[in-house]
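A, B, C and D label the chains in the order they appear, each numbered from 1.
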Amino acid sequence: MSGYGGGELLHLIAGHPSFELAYVAGESSAGQTLAQRFPWLGGREEGGLVIAPFEPQKLPALELLFVSLPTGKSRDPLARVAEKVKIVDVGGDHRFVDGWTYGLTELPGQRARIARAARLANPGCYPAAALLALAPLVKERLIEPEGIVIDAKSGVTGAGRGGASAFGYAETNEDLFAYGLAAHAHVPEIEAALAQIGGAKASVAFTPHLVPMSRGLLATCYARPRDGVASEQLHEAAAALYANEPFVRLTQAQAGAGPHTGWATGSNLAFLSYAINARTGLVIALGAIDNLGKGAAGQALQNANLMTGQHETAGLKGLPVRP
Amino acid sequence: MSGYGGGELLHLIAGHPSFELAYVAGESSAGQTLAQRFPWLGGREEGGLVIAPFEPQKLPALELLFVSLPTGKSRDPLARVAEKVKIVDVGGDHRFVDGWTYGLTELPGQRARIARAARLANPGCYPAAALLALAPLVKERLIEPEGIVIDAKSGVTGAGRGGASAFGYAETNEDLFAYGLAAHAHVPEIEAALAQIGGAKASVAFTPHLVPMSRGLLATCYARPRDGVASEQLHEAAAALYANEPFVRLTQAQAGAGPHTGWATGSNLAFLSYAINARTGLVIALGAIDNLGKGAAGQALQNANLMTGQHETAGLKGLPVRP
Amino acid sequence: MSGYGGGELLHLIAGHPSFELAYVAGESSAGQTLAQRFPWLGGREEGGLVIAPFEPQKLPALELLFVSLPTGKSRDPLARVAEKVKIVDVGGDHRFVDGWTYGLTELPGQRARIARAARLANPGCYPAAALLALAPLVKERLIEPEGIVIDAKSGVTGAGRGGASAFGYAETNEDLFAYGLAAHAHVPEIEAALAQIGGAKASVAFTPHLVPMSRGLLATCYARPRDGVASEQLHEAAAALYANEPFVRLTQAQAGAGPHTGWATGSNLAFLSYAINARTGLVIALGAIDNLGKGAAGQALQNANLMTGQHETAGLKGLPVRP
Amino acid sequence: MSGYGGGELLHLIAGHPSFELAYVAGESSAGQTLAQRFPWLGGREEGGLVIAPFEPQKLPALELLFVSLPTGKSRDPLARVAEKVKIVDVGGDHRFVDGWTYGLTELPGQRARIARAARLANPGCYPAAALLALAPLVKERLIEPEGIVIDAKSGVTGAGRGGASAFGYAETNEDLFAYGLAAHAHVPEIEAALAQIGGAKASVAFTPHLVPMSRGLLATCYARPRDGVASEQLHEAAAALYANEPFVRLTQAQAGAGPHTGWATGSNLAFLSYAINARTGLVIALGAIDNLGKGAAGQALQNANLMTGQHETAGLKGLPVRP
């Protein structure tokens, strides 16, 4: 477990009322204590834990294992983990793979599946934001599922490769650009989930952008409405689907502004907003999250809570750190 | 002249080989010298100039006047400026208004009109980026002019109201949001210019976003291609239209990434890139500028050069400050 | 209660295991619900609370009141609050004022006084960092208490005036400067506290700097050692004074680097480090905190816990949000 | 020539009225054109230049060579460069080394030496700011040259190692720390220069800090005044020494604030300010520069102008990019 998502998970687990941190593995940091790697853990019990090399066949007795390995590197090792150890894979290798449950809790029907799962694939950060925004519209057939535009913007911890410091400060500061124009690993995940929700083929033009901030992810989605769909129906569909969701907040545009990514920083919250563009009739659906919260570690812990019979919000009640 | 655009213009004029700064007016700063307002002008000739209150009927002998007044505040005063004084209005009140020439130099046919103009309306920062990216496609009828999506992202100096410090550091840092969802002043400007270029009604869904950076603006545009349009045609149309343009650069996506706003910081450059999205067939056109350069003061000086018979690039050859 | 410190306190109280938020007052936001002012509180019980105008003589039944009013504005109103309501004043008007206890918990002898206090003056953010770093050295007479240099650096939420957005993004970003060169309200507070700890007159040259970040405060302190003082004694004095402190962490310089402000972001932690400069023999003491945590709201809650018989760390166990 | 300083030099040379860029060498980027490495150079003559591997014995006919190699790597190769090629070494290997002239132009007596030099060692960025601030005080013996405290703060391009992206965005953003506590390569350079100016041994406690910004460097210097020195004498000494300097600006504290690093961004300017601290009597001298301007590439070009008989300000008249 390394990288930004791993660090965030450690914090969440350390603050969890029931979970106990029994084992931490990492490659480059193996042999260090957690407190050496994360100085703020000094003086806490967790800080004394020594980071082990990851040996899937020699795990201690664990109820559940969180894994976040680089893309393409987790299929083999995870196949060797004992069956009785439940797994939440925060990485991308097991999404929509047989034998693994897709773990975006708030999607229709998903919560019950997650509670029964022993092998769980956590969603990507971009799909988490886009799917939460689009799911009610696709489910209620308010929009055409083909030709959806997802213009997404993320802070650098979401765009990182394997959690490494891929982006230098001086290069990233005061800069902004689109990437993944040719292809992006999250597209099949988004299309598969939308197809499952709506029961029809979906296609998306997905353009991620790197924004000079550490955390925060906004998906601005554009879709063609089905005939006669009115603005209120969009909001109502979301209100119905997410009526009792502890982590989803619907917001009305104030002075024409959508939800801020900063409202979610450090929390597991997702903020959604809907509008119909007056000039073109296009539907605009906005989803704002912390890419390390609902986009990674927060969602992972939410899933783990369900998989182990904990209260779904245990350890996740924290409010955003804002400003 | 106040605000960020005004400050940038002062810098450009101070570095211009032929222009001489003869008069500066401002409201809140009237009575100060330029060096008191801008400490880095201390020790330079311009620094001693005293900021006057703006009295349009009592101007000194000027060849050309740059104006940047808050929206809605410039029609009356500018109507009182003597006819022999040429005007470049950096504000928004005279765009597509009778008697005023729209001043985005690189649009088809525009350069010659600008050279003859005595009353010039400088484009908005968002339109500058979006129109440069879309103009070749609309001109060559490669895309449908209706239903275009323009998802735009700007640093705070572009989103400012009248140049004031509308955005606090702690609120803006580590945050991102969409605004103008209901309506935005730049939409009619973009649609009017596109209609003029393409000879057909155009409609756009325009969603601006505020990004935590001081400068930089990226327009990510999505449009439906006309039947049979291929990816190369997009790039070729832009290459043809901008073949001899000193400030426009076409870039090919490297590793799937588009142009960076940071490539333009402090300069009058515009970077454009084109792609066809494989999943949906949609055209993606990207335009990156410095909102205070090509999006405001740089474009204004380029226009002033043309209007006064200077070389178009005079005072505008500076390279970006990067990083 | 308004401003950044007030917002942070709301979050901490909302997450406190025993405290209940019964009353919130504010000037500019009176009449709004908390959820209107802080959108992330939507959907929570606290979010429905209506912000009242502050009327000190008409308070509901409260055990304890947190107050953060602009400098010079709290003496009169707080004098009218009923005696049975305990007060923690996060503002600056009651520090080292008769009848009020100074509330930096970890200073020698202070914890017991705080537990007995009904009127508590919370320390300033700069003094919190500097005093935690200097207290052990002054107490053990390892440094001369006169002529101490405190070169301090703060993010903008610490330098704010009354919590308002005093600092624009574009002006603050990519900029750094020293202020308060003539005088600063925190100097008498620091000198008074040092004199109390060391039993001798203290004098400090205090230079605060504004740094482009939202949170974080570092005090770099330089002092002349008493004769024969060795580097180890500095660390040992701090280790002895803070042996059982839950929020203070001593760090050894790794590769010559001191503690990072980012290690404390969003938490109540303080990180301290000590060195003797080889070229001049000067002692260097470093203190890093979150100015809204240990420098304001975190310290305020720690004090309130003591004043009301709660466990001192209740509601303050959160780890930093990092990165 | 690689790294941030090298990139900045390329920009300055490209804008120089007389210099012609004839040769560029680099290690990791050898074989690329400049336009491939720096996309904004596309479409300019310089952009077509191919980056060569650095072979000191096979240089083309050059009048002057700028070099910026990693510390410890330039002595051998530069010894092999033909004598008739003048060298400006922006790196640290030849400062206060026999046969090399130290190139901080504004120091007493230095300008004439530089004009005669064929081997020039450019100052470090921290020394440039600190020495400009301290030189007049040491020269006029207004302060004690021993026990000076230099508390310096720099953006990441100044603290970079060899120009590489040593600092990740997510790690650097919202963070601040002191480094080099044990030793820093710039200390001997500062002490040697101060001793030369003042004719007496100097010693400094130098503490650099890394600040989350790309550019900008502030040196806050504290020194003991000689007996009877008054505040005005500090300013007068600087005014006398820098009376005709085109790049040095003295500023008076406004509302107690010193010069901003942002006033220098992208320029070769240096801003200085002086005060006496009322509580301790200590002298405070402040120096603010752009670490890539006066702290590296700007100073290097200024030296090259002098060494080749150009006007000293040629290519350096640019105003800061602000905000």
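A few remarks follow.
The rule is simple: a contact is a pair of C-beta atoms (placed from the backbone, for glycine too) under 8 Å apart; a residue touches a chain by one contact, two chains touch by 3 or more.
Predicted model, so just to flag it, every value in this text is computed and none were measured.
Chain pairs A-C and A-B differ in how many C-beta pairs are in contact, and the one with more is A-B. Centroid analysis (C-alpha atoms only) places D farthest from subunit A. Rounded to a whole number, the gap between the C-alpha centres of subunit A and subunit D is 45 angstrom.
If you average the Cα atoms of subunit A and of subunit B, the two centres end up 37 Å apart. In subunit B, the positions touching at least two other chains are 4, 155, 157, 170-171, 173-174, 212-215, 259-260, 265, 323. In the complex of the two chains, the subunit A residues touching subunit B come out as 146-149, 151, 153, 155, 170-171, 173-184, 187, 191, 203-207, 209, 211-216, 218, 220, 222, 253, 255-262, 265, 275, 277-280, 282, 284, 286, 288, 323.
The part of subunit A that touches subunit C in the complex is made up of residues 4, 7, 11, 14-15, 38-43, 157, 173-174, 214-215, 246, 249, 251, 259-260, 263-267, 269, 271, 317-323.
Within the complex formed with subunit B, the residues of subunit C that make contact are 4, 155-157, 160, 165-174, 212-214.
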